[in-house]
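These are the structures, in structure tokens.
Next, two complexes with chain A in common: one pairs it with chain B, the other with chain C.
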Partner chain A sequence: MFYIAIFFQYVAQYMKTRMQYRADLLVEVFSDLLFQAVNLIFILVVFGHTNLLGGWTRDEIIFIYGFFLVPYALFSSFFNIWDFNERYIVKGELDRILTRPIHSLFQIVLERMELESLFGAVTGIAVMIYAGNNLGLGISWTDPFLFFLFVTGGMLVYGGIFVMIACISFWADARTSIMPMMYNIGNYGRYPVDIYDSVIRFVLTWILPFAFVGIYPASYFLGKEEWFLYSFLTPVIGIVFFGISILTWNSGVKRYRGAGN
Partner chain B sequence: MKDAITVRNLKKEFKAYSSRSGLKGAFRDLLTRNYKIVPAVNNISFQVKQGEMVGYIGENGAGKSTTIKMLTGILTPTSGEVIVNGMNPHKDREKFVSTIGVVFGQRSQLWWDIAVQESFRLLKKVYKVSDEQYDSHMAHVIRTLDIEPLLDKPVRKLSLGQRMRCELAAALIHNPPLLFLDEPTIGLDVLVKLKIREFLKEINEKYNTTILLTTHDLSDIEALCERVVMLDEGKIIYDGALKSLKEKWGEGKEIEFKFLEEVTLNDLNRITASSEVKWEKDEKEAIFTAFAEDNDELISLLIAKVVADLKVKDINIKETSTEEIIRNIYDRGIS
Partner chain C sequence: MDKYIEMIRIRFLMMLAYRTNYYTGILIYSINIGAYYFLWSAIYGEKDAIEGMSVIQMSTYVAVAWMARAFYFNNIDREMAAEIKEGKVAVELIRPYNYLGMKTMQGLGEGIFRLFFFSVPGMFIVSFIFPLQFSADWTTWIFFAISIVLSFFINTQINLLTGITTFFLFNNTGLIRAKRVVIDLFSGLLIPISFFPVWAQDVLKFLPFQGISYVPSMIFTKSFSDNEAIQAIIMQGIWVLLLIIPIQVLWVIAKKQLIIQGG
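After this line comes the complex of A and B, so read on.
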């Protein structure tokens, strides 16, 4: 309860600060939308040459892309930890975090949130509606709940993986280039995994389960029954990965060495 | 009285990696890295009572910050026992930190972009401080630190002195019984320093707040602390009253004379032959300095003798400053 109240306190503060820099806000929202437009155009260009990709139609792929945008938007709003090593370990900002009575990871989530990324979710839903319309998909009453569940699961998968990568900084001081690489790998999750070979598919399912952010949960709404089992695994995988990442984080914090003055 | 801080055989070791030279060395480093274990804090023990103000001093790298970080739960000790406010700082960290206030002089607690009062408001929620508590307590803090006019300004627009006063107020929002100050007056001008010292004394008296202070500026310690703990290479080399440190290590008094007439060292030695005094002459300014033991009788006798025989223009009695004492200790090492 306390954490929820604090969360909204920070959100309110965030909005107040953002309102002060209106121009900034506009630029950011605009560049966000532009980035997504480029991605979408890429998909459209690919399907300009072919209407089928490994048995998936153009609209299905667009639908998956739209779905992927939603958990990804949530992830990038709340898990801006790509510069964790530099900002918190090297500069020693974690010192300050650790002297406050709130879980350290939660504080970082609060401090680093970027709510304008949430616009990505709006785009995502719009894309899904467009593609869903073309495919003639219906909506049943369970769909919104499952959508919520799958989106949360997807966000937790993403969050879990990136928190674990951030945790490397607790053990090794050297900067790594794993973060940007992970952002790239993350993008594979929004294409149907059966177009990849089995090794990649295995990795994307069980090791770096990015497939649970896009293709698996989206398959449910597309009515692809052969993937239903995976669709319903989404929240489970999310909780497991995020849980492991928190445990890793907690033991990492104990090893924190601090930065010299 | 209950102890606010109990530290027993506390130790913190860091692994320091050293890299080999050359390309060949770099390859070997990939496989096995050379490291030594460096003790930053080596088996220290001390206690601080509730309501005490303790100065924690030492050279750079003596282990001051490391100790403070272990006491505040930021670092996990390698071995030894730390009990602060009846808790183990790194184990019950989240519960523990709401009973302490921390100011790191070189790091800001406040949010850079938002107004000071917004930072306060957020911290008030973080520390679950009720409105009544906040109003009664913070009104006083804000008044004493004179930060009322700064409250609606964003932190990035404040000067260092203004920011530091706000930092101090922020650390006290939850009125903690224990306050850690790591270099709180670094880079501040004299007026702000005085204000901060006065304020610290006041909250110490009013709320019986325990204060542990590290600083390079010994005048802070002299003004505030009765007790000092001195650290060198991770070990405590002195723990006790500031006064007895002075008595033990002080080197007597220096009395400077300026005379109206021509005087030689021989004259002075003759006049004071009966007491144990060493005279020195500063050629340039014609100042004669007598070094004598710190003994009031002896000094007044000495002055009386000199004044009786010679016409004096100026007299100046100097005590060895704490700074000098500490420099002496570090130079010679404690024996």
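After this line comes the complex of A and C, so read on.
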């Protein structure tokens, strides 16, 4: 309960600071929208030249992209730990975090949240509704619950992977460029995995399971029965990966000795 | 002129000191090339050619477009924005050189460094992973070389324009980000311009962006005939000259209304 109260305190504080610079906020939301538009334009232009992409139609691909945007928006709102090494380890900010009686990772999530990214979820849902309409998809009463479950699973997959990478900083001091690399690999999950070769498919499913953020869960709503098993694995993979990342984090924090101040 | 060449040299040496950062850069670009390679292979499916380009030409296009990006891409706009915000620009303005010219030369130093330590080895590595096709024709290589230099200038000029807007907008991080996204799409980095619907191609014809990525990549993959290549290069040259005008106008206005706070 305490954690929930703290969460809303931070959100309120965050709103106050952001509302101070409304123009910045607008521009940021706008450039996010532009980025999503560019990806959609890519899909639209490509399907001007082909009817199927590895057996998937235009609207299916758009639907997958729309779904992907929702867990991704949640991830980028709450897991801005890409600069964890510079910000918390090198500058010794983690010392401050550790003196407080709340879990350290939770504090960092709160401190670094960027709620304006949540707007991407709205875009994503709009895109899904548009594509779903074209495909004539119906909504059954279980769909909203599963959607929530899958979206959370996808967010946890992303969060888990990035927290684990941030944990590297506890063991190795050197600055790594793995973070930006991961963002680029994450893009692979936006498209059907059957277009990749078997090695990449295996990696995207079991090692860096980005396929569980876009294609696998979205397949359920598209009624692709051959992928159902993977769709329902989404929350499991999410919990497993996030769980491992928390354990890694905890043992990393134990090793942390501070950068001196 | 000497001081400008010296600036290229200094930037080059500066980049050389931090060269390890670039090995991961090659990896990141290869990952991107891979993503688009698989996408395009799936898009082509059974088709031999789309818009006159074969699958191999397409993979080569993707690879060369990304590796060329390493050469022409720079963060001059962000550097300018930072210098203007911090007031450092005041010192820059009293120095005995042209500020914009100096920024361009710094970008060129960076570009030359990345050409040798990023683009060339990157292209070499990528050619082992994906099936690419290199032209044996020396005219293609000469056209490509001219075209890529011009694309550096067009991209840098657009960066200078974006950088100058900081004088008027004060905070333009959003604009800089938006510009980058727009350039990736409209320059032909993600999709060749010839794949766009005709009406969009007609609009893009009147914009400088396709001179950044589309033209050199089309030349490299031999998707342009010699005639088309020469025409495209002339268009690039015209854009380089045309873009000087808005830069100069904005620069004069910006200097007039510049107020340095502290410093």
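Rule of thumb we're sticking to: the second predicted complex is superposed on the first by the 261 of 261 C-alpha atoms of A that agree within 3 Å, B and C clash if a C-alpha of one lies under 4 Å from a C-alpha of the other, contacts with A are read in each partner's own complex, and residues count from 1 in each chain.
Going forward, a contact is a pair of C-beta atoms (placed from the backbone, for glycine too) under 8 Å apart; a residue touches a chain by one contact, two chains touch by 3 or more.
Note that this is a predicted model, so its numbers are computed, not measured.
S.K.: Give one word, clash or fit, describing how chain B and chain C relate on chain A after superposing.
M.R.: They fit: once the shared chain is superposed, the two partners occupy separate space.
S.K.: Check whether A:R87 is in contact with chain B, with chain C, with both or with neither, and answer first, second, both or neither.
M.R.: The answer is neither, since A:R87 touches no partner chain.
S.K.: Is A:T17 contacted by the first partner chain B, the second partner chain C, both or neither?
M.R.: Touch partner of A:T17: chain B, not chain C.
S.K.: For A:R201 in the superposed arrangement: first (chain B), second (chain C), both or neither?
M.R.: neither
S.K.: At the CA centre of chain A, how far apart in angle are the CA centres of chain B and chain C, to the nearest 10 degrees?
M.R.: 90
S.K.: Is A:R112 contacted by the first partner chain B, the second partner chain C, both or neither?
M.R.: Neither partner.
S.K.: For A:G48, select first, second, both or neither according to whether it touches chain B, chain C, the two together, or no partner.
M.R.: In the superposed model, A:G48 contacts chain C only, not chain B.
S.K.: When the two structures are overlaid on chain A, which partner does A:N184 contact: first (chain B), second (chain C), both, or neither?
M.R.: Touch partner of A:N184: chain C, not chain B.
S.K.: Identify the partner contact of A:D95: answer first if only chain B is touched, second if only chain C is, both if each is, neither if none is.
M.R.: Only chain B; A:D95 stays clear of chain C.
S.K.: Contact-wise, after the overlay, does A:F2 reach chain B, chain C, both or neither (first, second, both, neither)?
M.R.: After superposition on chain A, A:F2 lies in contact with chain B alone.
S.K.: Enter the shortest inter-chain Cα distance between chain B and chain C once the structures share a common frame, rounded to whole Å.
M.R.: Distance of closest C-alpha approach: 12 Å.
S.K.: Any idea which chain B residues touch chain A in the complex?
M.R.: 14, 65-66, 69, 72-76, 90, 93-95, 97-98, 100, 102, 104, 106-109, 111, 113-114, 118, 122, 125-128, 182-183
S.K.: So in the complex, which bits of chain A are touching chain C?
M.R.: For chain A paired with chain C, touching residues are 23-24, 27-28, 30-31, 34-35, 38, 41-42, 45-46, 48-50, 52-54, 177-178, 180-181, 184-185, 187-188, 191-192, 195-197, 200.
S.K.: Taking the touch rule as given, give the residues of chain A at its contact with chain B in the complex, in rising order.
M.R.: By the definition above, chain A touches chain B via 2, 5-6, 9-10, 13, 16-17, 20, 92-96, 98-103, 254-258, 260-261.
S.K.: For chain C, which residues are in contact with chain A within the complex?
M.R.: 21, 24-25, 27-28, 31-32, 34-35, 38-39, 41-45, 47, 50-51, 171, 173-175, 177-178, 181-182, 184-185, 190-191, 195-197
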